[in-house]
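The same subunit A turns up in both complexes below, where it pairs with subunit B and then with subunit C.
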Partner chain A sequence: MLLHTINKSPFDKNTFDICISHAKKGSSILLIEDGVYAVMKGTAYEGKVKDTMKDVKVYVLGPDAKARGIDDSSIIDGIESVDYVGFVELTANHDSVQSWL
Partner chain B sequence: MSDEMMDEEGGVVKKFMYVNRKAPYGTIYALESLEVVLIAAAFEQDVSLAFIDDGVYQIKKGQDTSGIDMKNFSPTYRALEMYDVEKLYVEKESMEERGLTEEDFLVPVEVLGRQDMADMMEEQDIILSF
Partner chain C sequence: MKFGILVNEGPYQHQASDSAYLFIKAVLESGHEIMRVFFYHDGVNNGTRLTTPPQDDRHIANRWSELAEKNGIDLVLCVAAAQRRGIADDDEAKRHGKDASNIAPGFRISGLGQLIEAGIQSDRLIVFGD
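Moving on, here comes the complex of A and B:
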């Protein structure tokens, strides 16, 4: 299965929407850089993210979230935070990576 | 122009608004805007900062860039007061769709609805967009 990465804010670009409409059941999405804003609780995107999580495992790159003032307690429950080593492991554990820009 | 304001030395004071629409770190816009604001502050102009769309993330509390090897420039927003830059406006709609409240910001701001923000822009002499 694919590992999808998203590096744009869902509020700024349609990258998140396009990605989730192409992510097949059982694939994974890793939110990095400005993509991490999608993981915050209480945003207009929370419902969409939770819907996505029914079929797709969602990860966030912890250092990028912390840089932007998003601490673990403000991340939607069920989203797994990974560090750079975790990023590499995800890459290695999937067949290929689709980097949505 | 008759309605121009003057400072003590007779220099012209214009109303400058810096419109910030980008999140910090992902692009260079936020940092560049801040640099320009600080430079312009030295010229004693009437400066306002508007934070709309993802620009509201620039002043979010709790930024810690130690894990991404980038400078955390968010404390600089707190120093703007020393340069007499005290008019900071946040657009209400932008703040709310991002699940943020006034308490999430690291500086005191005035929250304005979109219509009031539009009026504020109309009042300016110069608008610089980042």
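Moving on, here comes the complex of A and C:
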């Protein structure tokens, strides 16, 4: 299965929308860099992210979230936070990686 | 597992150089192998030894050079992208009649075939860019 990475905020670029329109059931999405803004509770994107999570496992790169002041308590429930070693594990555990830039 | 890395964005622009570097460190920590790092488009600006950031900032070019020296990692700049942006090794400088080369230690200049080879020979190709 595919691992998708998204590095842009959904409030800035539309790569999150493009990605979820392509992501197949059982694939995973890892949000990195400014992509981490999608994981915050209470934004206009929360509903869309939660809908996505029904079919796709969503991860966030913890250090990038932390660097932007997004602590664990403000991350949507069910989204798993990983560090860089976790990022590597995700790439190894999926067949290939698609970076949405 | 073998990893190939593609960096498409210049240093100090957004975050691709930092993300790629930290990812590579984690790959090595996890006992995997980096087959090659290929720098394309503005990414070639990672490989100039004339980079001089403020003293309290990270030195992205030196950081790559040290990583290459310590771990024997192959850092490749795309030749066409490098020519356009004024990055040259001694051979390229001579070939184009320039008075100096500026490639950083640990980097080499080669063609796109090196990216294709990295895609074929690595188990995963991870792209960092803007």
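Some notes on this structure:
Basically, the second predicted complex is superposed on the first by the 101 of 101 C-alpha atoms of A that agree within 3 Å, B and C clash if a C-alpha of one lies under 4 Å from a C-alpha of the other, contacts with A are read in each partner's own complex, and residues count from 1 in each chain.
Rule of thumb we're sticking to: a contact is a pair of C-beta atoms (placed from the backbone, for glycine too) under 8 Å apart; a residue touches a chain by one contact, two chains touch by 3 or more.
Note that this is a predicted model, so its numbers are computed, not measured.
Touch criterion met: A:K66 reaches subunit B, while subunit C stays clear of it. Contact with both subunit B and subunit C is seen for A:N7 once the two complexes are overlaid on the shared chain.
Subunit A is touched at more residues by one of its partners, and among subunit B and subunit C that partner is B. When the two structures are aligned on the shared chain, A:V97 is found in touch with subunit C, with no touch to subunit B.
In the superposition on chain A, A:V88 makes contact with subunit C only, while subunit B stays out of contact range. By the document's definition of touching, of the two partners only subunit B reaches A:M40; subunit C does not. Of the residues of subunit A, those at positions 7, 33-34, 63-64, 83 touch subunit B in one of the two structures and subunit C in the other. Interface residues of subunit A facing subunit C in the complex, by the touch rule stated above, are 7, 32-34, 63-64, 83-85, 87-89, 91-92, 96-97, 99, 101.
Note for the complex: subunit C touches subunit A at residues 1, 3, 8, 14-16, 19, 22-23, 25-27, 29-30, 32, 123-130. Those residues of subunit A that touch subunit B in the complex are listed here as 7-9, 11-12, 33-34, 37, 40-44, 46, 62-64, 66-71, 83. Residues of subunit B that touch subunit A in their complex: 22-27, 53-54, 57, 60-68, 70, 72, 74, 97-99.
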